[in-house]
Amino acid sequence: MAFTKTSKLLATVAFTSAIGSAAMAQEVEVLHWWTAGGEAAALNVLKEDLASKNVGWQDMPVAGGGGEAASTTLKARVAAGNPPTAAQMLGMQLREWANEGALGDLSSVAEENNWAEVVPAAVQEFAVNDGKWVGAPVNIHRPNWLWINAEIFDAQGLTPPTTWEEFNAAADKLQEAGITPLAHGGQPWQDATVFDDVVLGIGGPDFYRKAIIEADMDALGSDTMVQVFDQMRKLSGYVDENFSGRDWNLATAMLLNGEAGMQLMGDWAKGEIIRADMVPGEDILCVAAPGTEGSYLFNTDFFGAFDVSEESKPAQMELAASIMSKEFQEAFNLVKGSIPARTDVAPDNFDACGQKAMEDIVEAADNNALLGSMAHGHGQTSSVQRAMFDVVTEHFNSDMSSQDAVEELQIAVESAML
Amino acid sequence: MAQPMTGRSLRDWLPKLVLSPTVAMMAIFVYGFIFFTTYLSFTDSRMLPSYEWVGFDNYATLFKLRTWDIAVNNLLIFGGLYIGICCLLGLTLAILLDQKIRAEGFIRTIYLYPMALSFIVTGVAWKWFLDPGIGLEAVVQGWGWESFEFDWIKDRDMAIYTVVIAAVWQTSGFVMATFLAGLRGIDGEMLKAAEVDGASTFALYRRIVIPQLRPAFLSAFVVLAHMAIKSYDLVVALTNGGPGTATEVPATFMYSYTFTRNQMGVGAASAEIMLLTIAAVIIPYLWSELREKK
Amino acid sequence: MGFLDIDNVTKSYGAVKVLNETEISVEEGEFLVLVGPSGCGKSTLLNMIAGLEDVTSGDISINGRRVNDVKPAERNIAMVFQSYALYPNMTVRGNISFGMEMHGVPKAEREEKIAKVADLLQITNLLDRKPGQLSGGQRQRVAMGRALTRDPDVFLFDEPLSNLDAKLRVDMRTEIKKLHQKLGTTIVYVTHDQIEALTLSTRIAVMFGGNVQQLGTPQEIYDNPANMFVAGFMGSPAMNLLPARLERVNGAMCAVLKVGDGSTITVPFPRAEDLTEGADIVLGIRPEAMTDPEGADRDSNALTETELPIDVVEPAGSDTYVTVALGGKDAIGRFRAHNPAKAGQPARFTFDMAKAVAFDPETETRLA
Amino acid sequence: MATAPTSEAVTAGTGTPPPGGKTRASVNIPRIVLYVILGLFCIYYLLPLYVMLSNSLKPLNEITSGGMMALPSDWTLAAWRSAWSEAQVGVAATGLKPYFANSFFMVIPAVAIATLLGALNGYVLTKWRFRGDTILFGLILFGCFIPFQIVLIPMARALGFLNISGTVSGLIFVHVIYGVSFSTLYFRNYYAAFPTELVRAAQIDGAGFFTIFYRILLPNSGPIAVVCVIWLFTNIWNDFLFGASFSDFDSQPMTVALNNLVQSSTGVKEYNVHFAGAIMAALPTLFVYIVAGRFFVRGLMTGSVKG
């Protein structure tokens, strides 16, 4: 397990490294939003690893809104000329900060450790900017999971749907049986997570890339997009009446206690499943969202390295190296529910869903179907992403027609790109 | 004996010297920043400030956004109801509490305490309480009143009113305290005189007491207006702008565009509009203040 | 050059001039009262003497020193305020001691002075109380005690009695007068109460509209008011100001006044001998110069008796005031008590024209 | 009245007879109705607190299984213990405990400085008036209404420029700036009703500018100081935006920690711990309210109400 590995590592490092002075020679200040429970504890692994290399960890957590609060803090810190050594970022944020010229260069440590070989190309697209490694990826999340309450499906004689038609059929059946088909929380990012799945499931990877990642106006205005919104409309009929504003974990709780049959949510839901003493892959099935088998939406948390003073750079490099160490990647992702950002970590310790994800990602990468998730900051710049959120949420919460939604989407995206 | 001239000039300058740190702070950190924001609203700033002049583009974008329309409308609804209800409720409670109530101090503290709580978490309590599945509706239905419905927070047309309910909860106690203080400041003799004149309790309040609470109304109004315009935490905690964008307000809009969406120019433009709104509310108040003093 | 000189002093707030070129010279030991209705500039003048307000132009000197730019504390003055201005957070002792403390008087000396002053004003038993626990009269004494410890060149009083009830006011008035006689310090005293002005002062400055209307001894002011304003302001009941015409009858200058029924009366007016015949004047005559014949001042050389119809009779204990219509105005005469005069019936009047004055109706200044 | 304006106005106020004069009858129906109405409002104000308190005393499964409005069936203080010293609020599982100190180090100086500055400003603006002072006051007052969102980035620059970014001093600085408008408002309105004659008397007594302030005005400023301190304390203690943006790893205030405790995006939400933490975080302000509440109403009465 993680801890034995870490302590082993700790021992080795202590052996080889300096004739240990008690005070930390160097310190890294890390801004992140992993503040609660398991994920914060997992990050502690990183802290201790660094401590063993005589690098002190200055913790700067700011939680809230999936990193929104942290990103505001980050802007203030950069504006003050006082950036942290490293800050947690999603892919698009990393790119945007790199484009602002605020980030440093991790290339030397990346080359030394062969990151280019082990990190999936799609992830590298974010981590490498203008030929330089600007951030170290920590994990790979998969938002396009469909979680299924196995007991309910057995009782109703249903099999996991692989297309949206099948999904609708299963949902209708659940509805007849008085079970809420889809556990969902009406928050923009949750709506958008579902939207991502529908776009990918109905339009396929190429369409997703054109419409979402490239924000191609023709794709956004196409009939396929109309169909996507048609499906979204159907989905809005499959949620319970009190869905609006609900936190995702309360939606997961509905799935776990049998009030709802399915939930479209990322792999972080596993934490809730395990906490309820259920087994992911057995009690709660994990399958790719309908029509997305073979594709893999991802979002990755990076630690963006800021352009810090020369004397702080060695510590920053140590931090990056530690983040990319197999030990940390494994230990952290076991807790987090995601899979390591490097492909050469053994899958043995991961649960069934994790192992499936590790297989799927290889397949998807080969098929050029490993795609950044729009809902989770890997599809579009913040402004376009939020513009899409606006339309998706508006449509999901009103009786807007699919045709209108498509038009709104085009207008919103266009004006956000200005 | 002090040198007359130096003594004189020091005496003249000392008060101004004492005031100068505040004046400098205001000049830089209020007016300077307002100026900076005004400037930003005419630039193409996105993630961080940029200095590329784009004229009124941001304003044009802003006024085309439906969310902004919604936000402004919501501020009107929310601000109007919030200020109105808080004043009415605060006044009513103050009058009720002014009837020589036993345990007045205790009750007053209960009415006042919500001001002390941060909305980061209180919002969750309210959210649950208003949630039809677990809160009031469920409880009342559990008591046997099956047809009872209270699902405003899930209703696009009604959600903004739940924000009003929670906001009133937070501030009405403070307004009550302001009015109570005002009531206590009214000359007792005058009330006796009015009673001798045969005024009924109702007439007494309507004709004699309430008109004299004008300064208290103004104080309350300023505090409430300030809270209404800055109502960010509350909305984020309670509905986060939802369902859909139904409870978006200018404060959330501004934050979102400036920081989350990286459209700082548009955010600055919305801030400008907000500042103008604030000025429209506050300057008449200040004007009446200044006039009274002369 | 006096002890306190106010030399051509003006005061304006922006464009508004509240005190016009004012000249007053006060001798040492004098008791000057500034009197006038509110807004006349008297408090402004006092504040400028104290140094609490800046002088716009002109000079103020105390004891030969120009003090325009001297801080209040260094002018060697003491001031008693209308509200007494006792520091609510300090005891009576603290209040009295504060000024000496500020001037670096050693503690022993302070204690000694406090004891002396407290004894003088009979407030020794109050020394450890807070102002909130004192009655109005006690506060007044404390305020004076505070001023007394200063041994000032000039005492300034800003309407010190106006917050007291009528009885206490009379008592304190006497005490202030006694104090002045005992200490002999120069005093400038502001009031709007003409009785206070007349009883206390050695000299009075009557002020109105930012100007000193008349400066003189109480007697001068009372007997020979410089203009109609002073005449009307000083004295109670006020001087009757009655439109009249000067006519020479049998070689003697007379004032002709209309009576209520349309007829006229003619009274010889020797003081107006030098004025133009046929001129319209305003006749100023105090109520005590319009008496019942038995009450008239027999030493006067200008008594005229006449009969007039009485409108109102007001017995006031020691006197009876009667109202008659004269010159189109209500004129008040002062009869002795227990007079049989009745409203609606005619009564005999004696005019003491030696005490009457004449004003120009246009300029309102005194002609004779 | 003028000699003891503050204390007397206050006591006179509380002695106001209730208009309507219906106090003599000891038991009557309107009176019962009155108490019922007041009681109902107590319920309205206490409900959210009840939700928070009862849920903070439950084990988590009781909450997630739907019993959010019920009283705990299994009472436990575990959530409180966790929120205080065990919960994860970052990499370290320290609970909220260490952050209280950070908040106090920030709040106390900020409140003290802003109050003192406001008092001095109010003193100058009312007792040492000069041409244009009212307009200046108006300009200062407008600072109450500046939306904090717009000052964030420029303020960050300014703090960086002053070399106090990410420090407690920086946070104090920011809070003083945006608190001083309110404190000036309160003190100015209060001192406007404070008799100027006292200041004049002290001037004649030989007291200088500062002596008058701390010997005469300050000792008589109790009520308004309470109002000002309560307002500033509440606002600064509960501020999140500045706390999150201008603090460093070692100066993060309570609210940021509370937020970190509560707002995990993808972690498990321990609502019982959240509520315990929230109440805990509010305790200092609640304490100030309860202790100073009496003076609060008195202070408002003599201060801000009299415009």
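Going in written order, the chains are labelled A, B, C and D, and every chain counts its residues from 1.
The rule we apply is simple: a residue touches a chain if its C-beta (ideal position, glycine included) is under 8 Å from a C-beta of that chain, and two chains touch if they have at least 3 such contacts.
Remember, predicted model here, so these are calculated numbers, not experimental data.
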item	value
Label of the chain whose CA centroid is most distant from the centroid of subunit D	C
Chain pair that, of all pairs, has the most C-beta pairs in contact	B-D
Interchain centroid distance [CA atoms averaged], subunit A/subunit C, Å	91
Centre-to-centre distance between subunit D and subunit C (centres being mean Cα positions), rounded to whole Å	54
Whole-Å separation of chain centres (CA-atom averages), subunit A against subunit B	38
Multi-partner residues of subunit B (at least 2 other chains)	11, 48-49, 255, 259
Interface hub residues of subunit D, defined as touching at least two other chains	152-155, 259, 262-263
In subunit A, residues with contacts to at least two other chains	65, 72, 75, 78-79
Complex contact set, residues of subunit D against subunit B	9, 12-23, 34-35, 37-38, 41-42, 44-49, 51-52, 55, 66, 68-69, 117, 120-121, 123-125, 128, 130, 134-136, 138-155, 158, 176-178, 180-181, 184, 209, 234, 238, 240, 255, 258-259, 262-263, 271, 274-275, 277-278, 281-282, 285-286, 288-290, 293-294, 296-302, 304-307
Of subunit D, residues touching subunit C in the complex	2-8, 131, 195, 197-198, 200-207, 211, 215-216, 219-220
Touch list for subunit B against partner subunit A, complex	46-49, 57, 61, 64-65, 67, 127, 131-133, 151, 153-154, 156, 239-246, 255-256, 259-263
Subunit B - residues contacting subunit D, complex	11, 14-16, 18-19, 21-23, 25-26, 28-34, 36-37, 48-49, 93, 96-101, 105, 107-118, 120-122, 124-126, 128-129, 134-135, 138-139, 169, 173, 177-178, 180-186, 188, 191-192, 194-195, 201, 204-205, 208-209, 215-216, 218-219, 222, 225-226, 229-230, 232-233, 251, 254-255, 258-259, 264, 267-268, 271, 274-275, 278-279, 282, 286, 289-290, 292-293
Residue ranges of subunit A in contact with subunit D within the complex	29, 33-41, 43-44, 47, 57-67, 69, 72-73, 75-82, 247, 249-250, 253, 257, 266, 268, 271-272, 275, 336-337
